Each structure stands twice: as structure tokens, then as C-alpha cells.
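Multiple structures follow.
You will see two complexes here that share chain A, one where it goes with chain B and one where it goes with chain C.
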Partner chain A sequence: MQPMTISEATPLGMPLPPVTPLTRLRSPAVRVDADVPPREPPELLKRNTTAEKVLFAPNIDGRLKIMEPFVVRVEWREGLVTARIEDIDEFGYGCNSGEALYDLGKTLAELYLFLRENADRLSPDLHSIWLKLSEHIQLRQP
Partner chain B sequence: MKVHEFSQLETKLQLRVRESGDRLAWFEYEGKVITRTKRSHGSKDLPGHLIRQQLKLKQEELAGVLSCALEYDDYVSILKKKGLIVPPD
Partner chain C sequence: MQPVPSVLAILVCDSVIIDSPTKKQSVIGIFDNIHSAQVPFSQRLGFYARLTDAEGEYKFTVRIVYVGDEEQIVAGLESDTVPVRDRLEVFNLALNLPPVPFRKFGRYEFQLFANNVFIGRAVISALKLEVK
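Right, the complex of A and B next:
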């Protein structure tokens, strides 16, 4: 198949004549080869009918800052939407994904503060969750 | 899971609770925090399977707690068997 050339338009709406680019970086026209296969979407964005994964970095609490986003699995199950972070076994829920993510944000803040407060008396399981959570969330310096 | 079933869990397993934005509930044994879960205010239905996983219970074990077949001591045994309660050094 022939490659397509998409031209820019002038401010007056008159199309510019197609120009062969001198370099790939500073081209007035974009050449699109029709033979190029479509790019595979990233694993994170692949969807199925009941679940999807999103990157989540909420502004959860004024005292806390997110250092690294969480991978959240959003699922629809029995009329309830849940947003779950499998790594730390935490979730939020609600009637829709917005509510579930909002709930998850609040829960993350509470969990972080609770584990921090009790860091010296956590079971090994919760201690490992605390360490993982600390990689994502930190206390803001006053 | 319904809200009243969550309350049952809190009572049967002697979970400690803290009212904040949500209701945070956790299980303590000999001064250590072993498991935790939560429920959000205002929701009638709760994701029972996720609460169960946070409390480290199997489906039948959760059913046992809700039907009064399992009590606090049984929960301690379950957590010990799963290695979540470890004896002090």
C-alpha cells in the first residue's frame, strides 16, 4: 500500500502542499506508513469485561504525598465496584469506579497513618505491607 | 456481606475499631496487630470476599464465624496455623 501524507493547514485554512521532510524530527508533514501494524496496548491498559487496571496516585491527605502510583484493579462484582491494590491487599468500594477509587484513597491514608503509628507492634505480614506502602507514600515534611 | 454481619465479625473476633473516615478494624493478639480490615460508612453491601481475605479466613471459616460455629479462640488457632501469629523470640 502507498504511504499516506497528512498535511498541515495554513492559518487561513488553505492546505500546504505536501513537503518531503528533510529530517524526521523537524517535518512540516507527517508520513504514516499504512503497513505499520497497530501497536499493542500496554498490559496495564488491556481490558476485559469485568475488570481493568489503572494507575492511581491520589491526593489522599494533606499530610501525605504519593511517591509512586499504585496499580489498582477495578472490578464489578455483584452490583458493587471494588478498587483493589493486590500488592498490599487493600481496597475501596462503591456504586461506581469513582466512588470506589475515592474510598480507596481515604483508606490508603488511614492505613498508612495506622501502620505508622503501630509500626513497632505489627505482625510480619502487616510489617511487609507497611514497607511496601512506605515505598508509595511518605509523610510531608512540615 | 451486610453491615450487621460485619458488626458480628467485630464482636466475635474481638476486633478493635477506630472511627475515622471509615471504620478501621483490626485484630490484636498479645499486643501485636495481626490482621486488619475496614468498612466504609454509608454502604449497605460490603465486599465480603475482600474483607475475608484481609482477615485471612477461608470462605467456610468466615461462614463459621457468622454462624457462631467459630469463636475467638478458633480464630487464634487459624492464624497460628497460617503462621500469622508467631511466638515471641
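Right, the complex of A and C next:
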């Protein structure tokens, strides 16, 4: 077996450059220090998270993008939190608002993909939901 | 209409260090659970998000919500206005949060908003430290 030679080379066998390469960020960081003087808390921090309206546009599925945020009413009801889009009467639920919003996102993604697949044979009700969903959600470009 | 930013990653960590000359960020001590022998306690934390698909001016808000038996906003922070020129640009939000009060054990959700639109979240748990 040949002895291994240790030399000044990278694992790919390329010699090290005379000057170490520099890595840089394309865009500067957005930085907020903890030590900034206290300001009036934003309106979002004064709300009750189980009784509020939220503009909702997270990543709900890798294939989809919410272009126009949904207005979601978050409510506490009988031991569960619901997140409801009144326009299309779709909702998600969970033990807390985070779970309810997550569940709503999954419901929206499944519904959008199902309606898209069957767009040519939808009942008038479902067609109307499909049109409303399409105003908010688009397929991501591959 | 202004595009809604897409979240590529959200990390909760001990702190985010920004190197002054290069402006590069180092995310230090990424974690999911925080252990303490007792509550209440408070802890300084870092919050890091990588975003894209934005164009225009945005204010980002991080809201930390205790999502246990009674939900409660325990802390939060709002950024200054951030201009984003190119929609294809990937940019980072690096926040060192003021001490976050943990009054109870349980789950805490870090919710990220861009111009008041909910765009993503990360969840950590505050757990009781078992001393052997």
C-alpha cells in the first residue's frame, strides 16, 4: 500500500491559492440590537392571540406561494383554537393559535391542489372557492 | 402590490454576532429546548431569518407567544424599515432580542411578521432541568 502524502493541497488535489479567498454576503444584514432605546410596542404585540384577525401568508407547501395574504380570524372556542377564513369558510384548529394556523395552512394547500387537479369538473360552489383561492395562491415556478 | 417575503429559514439561537468590517453574521448556539431548574427566568436570545422574494420597504416584527394553557405574548421586537431592492435577492434578518421572560414551562412560538403579515414561525420548548 502506498503511503499517503500530506501536502498543501485541498481534498480535490488543487493547490492552495497564495492568498486566502474572501467570502462575502451579497446583501448586508438587517440588525436590531437588544440595547436600542425602548419604543412604543407595535400594535401586533398588544393583541390577544386567541381573539384577533391575522394577515396570513406563510409557506404552506413547497409548491405554492401565497401572493395575497388571507384575512384569518383566530378564536378560542370550547377548548380549541380555530383559525377561519370567512370568505371561503375554511378553517384549521388546534390546541393553540400556532397549531390552528399551521392546520389551516395544510388545509389550504390540500384544497388548492385538489381543486387545481379537478378544475374542469367542479360544482359551482367549489368553482367559486377555486376562483377565490386562485386570487391568493399561485404555483411556484419550477 | 408589494410581494410577501418567502421564508427560507428561521432559527432561534443564543445570539447572532455580526462582524463589523465584513457585516457577515454568525449564528451562535442554535437550539430547540431551553432547560431551567425553575420558572420564572429570563434569557437573552438571538433570532435569525433568511428571506427572499421581497421588494420594497418592510417592517419586520417578531412576536414571542407562550402557547400553553393560556396564550400570552411575552415579548417582541420590531425592526426599522428595511429596503429591499431586488426580488431575487436573499437577505437575512438578524435580531438579538432583549431578555425574554419565561414565566412557565412549555412551548414558546416565535412568530415573524412582514408589514403585519404573518410569514413564518419557529417553536422552542422551555423544559424543567432535572438535577441528578
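Just so it is clear, the second predicted complex is superposed on the first by the 92 of 142 C-alpha atoms of A that agree within 3 Å, B and C clash if a C-alpha of one lies under 4 Å from a C-alpha of the other, contacts with A are read in each partner's own complex, and residues count from 1 in each chain.
Here, contacts are C-beta pairs under 8 Å (C-beta built on N, C-alpha and C of every residue); 3 or more make two chains touch, one makes a residue touch a chain.
A quick note: this is a predicted structure, and the numbers were derived from the prediction, not measured.
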{"item": "Which of chain B and chain C A:84 touches, first, second, both or neither", "value": "first"}
{"item": "Superposed model, chain A: greater residue contact from chain B or chain C", "value": "C"}
{"item": "Contacts of A:126 with chain B and chain C, given as first, second, both or neither", "value": "first"}
{"item": "Which superposed partner A:66 touches (first chain B, second chain C, both, neither)", "value": "second"}
{"item": "Partner chain A, residues of chain B touching it in the complex", "value": "18, 20-22, 24, 26, 31-36, 38, 40, 43, 45-47, 49-50, 53-54, 84-86"}
{"item": "Interface residues, chain C side, partner chain A - complex", "value": "1, 3-4, 6-7, 16, 18, 22-25, 44, 53, 59-61, 63, 65, 67-68, 71-73, 76-80, 82, 89-99, 107, 109, 111, 113, 116-121, 123"}
{"item": "Parts of chain A lying in touch with chain B, wherever the complex brings them together", "value": "77-80, 82, 84, 89, 91-94, 103, 106-107, 109-111, 114, 118, 121-126"}
{"item": "Residue ranges of chain A touching chain C (in the complex, touch as defined)", "value": "23-34, 39, 41-50, 54-59, 65-69, 81, 95-99, 101"}
